[in-house]
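Structures follow.
In the two complexes that follow, chain A is the common piece, with chain B as its partner first and chain C second.
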Partner chain A sequence: MNNQYENNNKFFSRFLINYGQELVLLASIIILFVVVSQVNHRFLGGNNLNTIFAGNAYIGVAAIGMSILIITGNIDVSVGALIGVLATICGTLAVSGYPIWVAWTAPILVGIAVNSLVGIIVAYAGIPSIVVTLGMMSILRGGLISVTGGDWITDMPEGFFLAQQDFMGIRVPLLALIFFTILMFYIMSNTTWGRSLYAIGGNPEAARTSGIDLKKGVVIAFAVHGMFVGLSTILFATQLNIIQSTVPPNLELTVITASVIGGVSIMGGTGTVIGSSLATILFAAIGSSLIFIGVSAYWLRAIMGILILCTVLADMARRRRVVT
Partner chain B sequence: MKKYLLLISGLLFSSSLALAGDWTGGDDLPTNPLPCSGPAPAGEAKPYDGGSPTGAPNRKGKTITVVDVPKLVGIGYFSATTKGILDAAAEMGSMNAKTDGPSEANIDDQITLIDNYITQGVDGVLFAANDPGAIAPVLKKALSKGINVVGYDANSDPDARQWFVNQAEFNGIAKSLVDNMAREIGGSGGVAIVTSTFTTPNQARWIAEMEAYSNKCHPKLEWLETVEAQEDNILSFNQANTLINKYGSDLKGIYGMTSVATPASADAVTQANQCGNIAVVGLATPNAMKPYVNSGCVESVVLWNPVDLGYAAAYVLRAVADGDLKPGATSVNAGKLGELQVINGSEILLGAPYTFNKGNINDFDF
Partner chain C sequence: MRMKSIFRHETILFLVVIAALVILSIQAEQFATIDNLLNQGRFLTEVSLVALIMTFVIVTGGIDLSVGSILGLSAIVLGVAWKKLGLPLPLAILVALSVGTLAGLFNGIIITRFKVPPLIATLATLALYRGLAEGISQARSIRGYPEWFFVLGQGEFFGIPTQLWIVAFFTLLTGFILTYTTWGRATYAIGANETAARFSGIAVDKTKLFIYAASGFAASLAAIIFVSRVSTTRSDMGMGLELDAITAVVLGGTSIFGGKGTIVGTFFGLILIQILKNGLSLAGVKSDGTYIAIGLVLILTLLISNLFNRNSEG
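Right after this comes the complex of A and B.
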């Protein structure tokens, strides 16, 4: 009896330690929705929930890939620029008469190719990922402006606009976010490959001695991240009837922030994609609620800053508790 | 009696100031709203502050060679200004004009190009500067060789050129946006603004002028809120949606303050099936707005006409080469555009902003 209780207690405290950040985020989202809907009941209207969830899902999908990368101890600051480039490729193919599935597949393939290349440079030339991806960001941004001249892409064919469609009453972007979050959470916690990501970032020396090929592991992590950038791009490019062929400002920061506030340790080795997806939703909900309760948007940045600080402090506290 | 009238009107004026809520996103600089109808009053005359060429030959009536150096070539906007210049040159029959600009908006390339044309020998230079200060020395060099120099679209330091054709003033854009909005929503109702950031200088200036003009000429337009959306189209779309969700049927119109915010707001209204219920009026380039104007969801897009801008610049250069446009002039003849007003000492105002609508938007490609 006593033993059983102790076991339960242990399980509960382990659960809290492992998923503390996710629980805090989930609770914050629920509290926010309850409080703001008391101030303005329109906040919970179906259209507004669609705006919050579906309108920001592409950030969450990109943050899944980013979380995988950060867990292995790497980072990608070129993600915003790459989304801009891939969106232009996607739209250009669609208006050039290629079948829609080609336009949808291309960003995924190009995303994998570009990030595999980055991964190879990081792993085999031993250059830190922040340096390589900073370079990649300049290349992609410069190239995009030169090629498109900042022109917009319009007149995509009917059926191209995946992100505007519903499936079983739910917007496709939200479905995609939920599906990929659960899928990657399962893979990362239950497969050898998934566990190896944590080992590469958390304790590379131990990972190496246990037979993990670190270099190959990093390249594959970049390639998977590239795939998610491609998937994110499809949602980004099909949301509106025009494609902005310039790079959305600060998108990489938003994606990285989602991962970090989601509980992915910037030092590598811990965190889940559930956390980064919840963090994406939390930001979007905060941004929307500031408008609903009539608070200046200046606060959004301050709140994001406070959240990042709290997350890092909580991360440090948890690490200390695990060690002792 | 007069005293009382003054007192009463003073009280009314100050109370109307107190009633007018401050629009978020505008700046605190003084505003100068245009009259609700009729022509703009002549502003305070400012002395000529442009430069003048030294030893320019008498070019009156002679065929002149002109090079046009825009910020860059190969984009629709400057192709349109080139078309305007060539149209004007063909109409006048006494100007050989050609456009030669850098392939990227790069100030160094632009300086090199102008320098080369000074060496080759031209009678006139038209330019749209990539940097107002950095371009000044090479323009002054052109003036010192007796070349006539006229700017358009993007100014240089005033003393580095003779005249500058100004495409639009803040209060003119503001009047055009607010008048179009008032007309489309029937003169009264709640309106909101999607802008880049509250501190972007041009947008803040436009919003402040819109507030002043709207309160003066369309007091029944009720400003609800201004939201920030950076230069990010999905964020603009989400912010416009949030406004629609928050205000419901109280929201009658959305002003888009950037070329990103305006089409994204139109997309939000389209996807919310609110076309016809919520008007979108904004600043944007025609290409970004064609889908929404052609679908009928958006009636008016405000900007200026770059073909007219190039056309006016060519006429101004001809007038200054002929000696017809001298310092102190108050207007200049610009062919089919008529008499254009001189403002700010050495600038020529293109006129009221251009409204793109279903009838004309497909004639433009920029």
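Right after this comes the complex of A and C.
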């Protein structure tokens, strides 16, 4: 009896240690939905939820890649600029008469290529990823404006707008986010490659002595991140009927914040992609619910900032309690 | 040995600056004129003030992403305190400087007291401070400052733009503090090995608090000079400033892992970025092209510098 209780307790506390942040986020999302739907009944209307989640799913998909990178102890501040560049490539190919599948594949391939290059510089030249991607951000941003000249891309062919489509009543971006979250969660917790990512970030020396090629591991992590940036771009570029030559300001910081609030430690070695996807959904829900309960749009960012800060402090408190 | 490698990076940077100056003055006649160079100094001021203190922050192994937002918030506080609350402008300037310093101090408290990694703490306050600026101003700009106020951002003093004197003063001051004082040595010690620094009796938390508060102060001082230069206050001022400042610091050879870096390096980094921006635009390259050049210079300089350092060690 006693023994079983202890076992249960042990299981429970291990569950808390491993998935504490994910549980906090899930609880926050549920509480938020309950409270806001009491204030304004239209909030839970199916269409509204679909719009919130679908419009932000591309951030979640990019955050999956970012989480993989951060778990290996690296970071990418150029992700916003890269999404802008890839979206332009995607749209330009579509309007120049290439088949739609080419327009959709190109951002994934270019994303992998650009980030593999960054990964090679990081791994083999030993320059910290924050610095290399800072430089890359500047290059991509400048490249984007000088190529597009600030013009918007319009008149994409029929069938291009993947993100506007429904599948069994759910918008495609949300489905994509759920699919990739579950897929990557499975891969990262159950495959040798997935576990090696945690090892590289958690204790590089131990990872090296246990036979992991650190440099190759980092390059591959960057390449996989590049693939997710490409996938994110497809959702971003096909959600509206125009492709602007700009991305939302501070997009890279939004993506990094989603990963970090999702429980991915910036020191590397811990966290899951479920956390980062939940964080993306929470942010989207907070933003929308503030509008539904009638808060002035100008105060949105300040309130988001306070909430991010509270989540971070709560997470620090939880981690300290679990450790001691 | 380490001193040597630091010296080497700065030498490389110095040579790059000279090369850029020579090439650009051949390419564009208007570039190498005193008037143009002094004028460029004006544009350099805001990012310089922030980057000088950012050098301290990064040397401790930290980072401050919220400086751009603090600049925006201070600018709005300045405008609102003066126009809406009716305070005299000098008092409004003091209020803005205090708010900026407090914002920096708040960063420091989150980082030292609650042990939140600096990247995350300042990422959160980046959103918070920018949000406060937007909320307070309701996205309306404030104009109509009195004539005397523009002396700071548009005036001259002994034939040299006023703000350049301020930058020169702060460059010498921060350079002196980082190199020759106990505070400066403590900054390096914290960045090199925080635990060791703590055990050797350095007031680690106090030093960090002071540095983050100084970073907030620098951002708010930059805000006041910025407002004076462009004669208006807007809530989106200083957006992206943090990345410009960090680029300059890192280009100057400061290690992003902490423990290594100099003000001289940051100074060269700042100058190189500005002459590239200006020189290339005078030489007919579109302003977007200069971003590409800055990104390339950042990566290539570090690549070359790393290669040299590796050789000297091996």
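One rule holds in what follows: the second predicted complex is superposed on the first by the 295 of 324 C-alpha atoms of A that agree within 3 Å, B and C clash if a C-alpha of one lies under 4 Å from a C-alpha of the other, contacts with A are read in each partner's own complex, and residues count from 1 in each chain.
The rule is simple: a contact is a pair of C-beta atoms (placed from the backbone, for glycine too) under 8 Å apart; a residue touches a chain by one contact, two chains touch by 3 or more.
Since the model is a prediction, treat every value here as computed from it, not as a measurement.
*Asks:* Have a look at where A:146 lands relative to chain B and chain C in the superposition and call it first, second, both or neither.
*Replies:* Both partners, chain B and chain C.
*Asks:* Once chain A of both complexes is superposed, is A:55 in touch with chain B (first), chain C (second), both, or neither?
*Replies:* After superposing on A, A:55 lies in contact with chain B but is clear of chain C.
*Asks:* Figure out whether A:249 sits in contact with chain B (first) or chain C (second), or with both, or with neither.
*Replies:* In the superposed model, A:249 contacts both chain B and chain C.
*Asks:* State whether A:305 touches chain B only (first), chain C only (second), both chains, or neither.
*Replies:* second
*Asks:* Mind working out whether A:296 is in touch with chain B, chain C, both or neither, as first, second, both or neither?
*Replies:* both
*Asks:* Using the superposition on chain A described above, determine whether A:113 touches chain B (first), chain C (second), both, or neither.
*Replies:* In the superposition, A:113 touches no partner, neither chain B nor chain C.
*Asks:* Quick check for you: in the superposed arrangement, does A:183 touch first (chain B), second (chain C), both or neither?
*Replies:* Touch status of A:183: no partner.
*Asks:* Is A:170 contacted by the first partner chain B, the second partner chain C, both or neither?
*Replies:* After superposition on chain A, A:170 lies in contact with neither partner.
*Asks:* Check chain A for residues that touch chain B in one structure and chain C in the other, and list them.
*Replies:* The overlap between the chain B and chain C interfaces on chain A comprises residues 145-146, 249-250, 296, 298.
*Asks:* Hey, which residues of chain C end up touching chain A in the complex?
*Replies:* Checking each residue of chain C against chain A gives 65, 110, 114-117, 119-121, 123-132, 134-135, 137-139, 239, 243, 246-247, 250, 256-257, 286, 288-296, 298-299, 302-303, 306-307, 310.
*Asks:* Enumerate the contact residues on chain A facing chain C in the complex.
*Replies:* It comes out as residues 77, 121, 125-128, 130-132, 134-146, 249-250, 253, 256-257, 260, 266-267, 296, 298-306, 308-309, 312-313, 316, 320.
*Asks:* How about chain B: which of its residues touch chain A in the complex?
*Replies:* Spelled out, the residues of chain B in touch with chain A are 24, 74-76, 104, 198, 225, 227-228, 230-235, 237-239, 241-246, 248, 260, 263-264, 267, 270-272, 287-288, 290-292.
*Asks:* Over in the complex, which chain A residues touch chain B? Could you list them?
*Replies:* Going by the criterion above, the answer is residues 40, 42-43, 45, 47-48, 51, 55-56, 58, 145-146, 149-152, 154-155, 164, 236, 239-242, 244, 246, 248-251, 284, 287-288, 291-292, 294, 296-298.
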